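Just so it is clear, A, B, C and D label the chains in written order, and each chain counts residues from 1 on its own.
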């Protein structure tokens, strides 16, 4: 076991699965990189973030396919390819760019199996960077997984650390359903212990990041780290948080979340996505319907305000939910109970 | 005419079954028993027949909202199709798809599609599979004149060309996208001129002429199977019915359709062509028409009598596992 | 005051606003109809659903613009036109088709004002049919307003009746922000009293459709009628429902909803949209956070299952939330309280 | 050369300011003080200058992620631009946009754009306003070679043609979309061949030659202002820096850039052209360069010293009212 970055974990998962199954192909803008340029393509980009570096060299042009900047065509092609025998893994650089291929995801990929009465299988993965904190502005900083969670027919993975990133991606590639795979751009360099061999982290199974008895904090993706930091600080104040990382938002491990809420009686849901109809509302509503009798305080949602992501650093820092805001929400739920 | 008698009989049978299928649907729709949107292919049969004559089960097609003709030409079971249109459990999609989503992957039919232009992207994927897995297959996208302007369609043509895919883009220019004339909505009027914008050969043919369609497709499939990349085929003809069943068609003159039926009809033309050439006698064709009539009649009766899907079907087939 | 259909109310709103302000233009596929055809365009379609019939005759080709089937181009054009002096009202026939122009709505229309530091105004409206019940299958029956509610920068109107349809559309056209306007295809023929003159129904102001003291039922769009029917049935059982129609989901009249929940102590949220991250979760979560102390029973959400919309009539009927399901949910919340 | 001495001096000033702006940003970016993504326009100045020479405030442009050159050519305030890039309150967008979203509607600048190809649709709207309101204005979309393949771009060209809009589609074919060569990603290699697919005139010019760009744009604006509809202009040249600042550029040879700078540079070329023609003495051009240097230096200093936006700015400017 070695310490590897989130980026390396993703890269390793791709390599291992491509070795294991030659139906697995990788496609996207510059996933090889340098195609048609004057330099040696083998040493080229592997994407602007280097996520796919080295794949072209090992697997060649039939299995690592550069594409023109035409997301609608190549994302739609993953569906056509998956229906007919391949297991494509597409990279749509930033989730924000799925705006231009949304129909192919929403109306084709998500619905084909159902519309065909179950007579199609769509084993495909779409990998995308997401999230704020990169000073990348309103069109390059969104989360958007609530939108994909909303749509039946899709699975949605939002790993928070290198270990899960590798295991979830391997599961996603092996899965017979379409999986949208979210990688937070601000934690690509984050390191963690990652086994060298292939392993699966199952889709739909939450991770209890930290066990606790006073408050359940459910956080998505990068927000798990904000929750952990808050929990560490709160521990010093005598507040014992249970931090849950659902790992996938669709399917959502409702059993794990509800069991925890029933135990602690309090819920704080933390989501970096826009606040309306997001995962925080989804989880808060779940608890309010299914674990109401156990709730000893109002549920609390920690999300950014209802505004696009601003560019200027101090504004973006204000925008992103952080450990302080999580801690504040936790304190409020604890206080509420004591005073009532 | 490089086709055998059998090929020609088969082609006529395809056209006859399509015609009968959609003419009958027109009648049945009026009774109110058929749910949802139905778009009829009548008048365009030579296109589906001429294109699909070159295809077998290893080849894929992606269709449009006006998909019945493509399904039949690709050998989908008409009884299953009819049951699907009636929303019955015995339908090709278990009643979950309906007219706009009939599909049968075993026959290489990747689905009718409710989204204009969307099938072209799917076809890039099927063509990529064929190329990567070395199946020797080709993949064909049908798109309308209206659909020819959709962004995805252009992207798909570019991608197919860049990747040198065994893909064929067939455009059915039937004169209208809903109520809007293709001459108005399509800058330049012709779709074929877009072929060279994507560095692929383009063919423009009379869509009422089975042989013209067949020959363009022969060239396109030869090219695709030889690994030389995609082609574009524009077929010009007109639909006999409204955009959907229920369309008042006040955007076109009544006489237009009468003239079409009288003077342009692809089946009459086919009959004349094979008759002149002395290839097939009228009686054989009449027999095919009669068979088709009986087959469709049986399909309608079966569909009407068939049970609807059970309540449990609502929740299945969303995911392989969840 | 005359009884008019939902369809006529929309048509009237368009006509009145076009008369009032010649910067208002209407564009979309076949909004005039018959362009380039052999027949007289003046008598033509007005769209496949006839929503814009008569506009072309009155306002001519400069103000009623047919488009090719290119939603990305013409929806994006509304933004460009709105920034530069026009007040466009686009019709995207079915909301399902916004998949092909999603980028223009999500990344351009919703964000331009913010990205420009407030130095742009986007007075535009996008009208769309939505909803199930038409036997139109998975790609023609969606709701999708939760997706647009999720996105900051957009306003979202979901009128439930002819009166509100006219007044909300007039407000939307007069509004200086982009408004997505949802018309349920199954209630286009529904009639109601609609004043002949122009009037505004303000965006962000809920309608208390029925006052009551036992349970708050918040329902969106067509679901308001299911809620009303349920309320009528429940009244006979002695259960007094307050039915709230938010009219717009963004902005949402949270004050009206919370005031009602604080009064009744019970909430049922009814939404025809897919159940994950939808308006039911949004409203349920709101109550669980802001009115927890008043809640006397678990909140209840009534939504379809997490599946695409099926074609077959009996399946689609099962899919759509109806009055029975609403009534059942209400009874469950009432029972809960009595037994606890 | 149909341009006056003043026009030529103005054109050179535009190029000089763009060059200085982006060369300076390259230096400043390396210090780590500039946040986010920055895409430099250096090497492509003749395009922005030649195109915008024909435009005034009533005309609109929509730009790309590589937008500094377009902004400067469209007369946006460089101090405001620089402050925006540094994320300061005094920025043209109050610091909320950044390099990829600089905009100034008063100058007819509809925004840089973080989404490849998206500006073409906005331009159809601005051109529609011009046509409907009778302003006499035109609207110009800049798009890259990579962007030229995006579906929206094709749709916009078709719409502009069908509606006969005063729109001009300028394609900056700088050889690469990120690391991918345009010859590879663009079926057929040329963008200009797409013009006739949409029934509009197409011009292909050397993007290093200000006069060639200027002349193509002269024809396109004349046509647009005369109500004759859209045109397409493809400009070929190469960028001097990486796709974004930080790009290692291992997809192209180092010498490529050295050769470009030595042999193709649009400013050197301009100097030679006006020099040969005896139109402008070198001293006048040197003076412009010196002014530009001073101006940009002042802009950088001001931007660095300027205050960041107040916390309250986070919540404003989302809606006109809510």
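We adopt the following convention: a residue touches a chain if its C-beta (ideal position, glycine included) is under 8 Å from a C-beta of that chain, and two chains touch if they have at least 3 such contacts.
These figures come from a predicted structure and were not determined experimentally.
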item	value
Shared chain contacts [chain A and chain B, defined touch]	C, D
Most distant chain from chain C by Cα centroid	D
Gap in Å, rounded to a whole number, between the CA centres of chain C and chain B	35
Rounded Å distance, chain C centre to chain D centre (Cα mean)	40
Geometric centre distance via CA averages, chain D-chain B, whole Å	45
Multi-partner residues of chain D (each touching 2 or more other chains)	93, 95-97, 101, 113-115, 149-152, 155, 158, 162, 184-186, 318
Multi-partner residues of chain C (each touching 2 or more other chains)	67-68, 70, 72-73, 96-97, 99-100, 103-104, 107, 114-115, 137-139, 152-153, 306-308, 310-311
Arrangement of touching chains [line / ring / star / complete / other]	complete
Complex contacts: residues of chain B adjacent to chain D	149-155, 157-158, 161-162, 184-189, 193-194, 196-200
Complex interface listing, chain A residues touching chain C	72, 96-100, 102-107, 110-111, 114-115, 137-139, 146-147, 149-153, 250, 252, 273-274, 276-282, 284-290, 292-293, 295, 297-301, 306-308, 310-311, 340
Chain D-facing residues of chain A, complex	29-30, 33-39, 41, 43-45, 48, 66-70, 72-73, 96-97, 99-100, 134-140, 305-308, 310-315, 318-319
Chain A contact footprint on chain D (complex, rising order)	35-37, 87-89, 93, 95-98, 100-101, 113-117, 146-147, 149-152, 176-186, 243-244, 247, 250-253, 256, 308-309, 311, 313-315, 318
Contact footprint of chain C on chain D as seen in their complex	60, 62, 91-97, 101, 103-106, 110-111, 113-115, 118, 120-130, 132-133, 139, 151-152, 155-156, 158-159, 162-163, 316-322
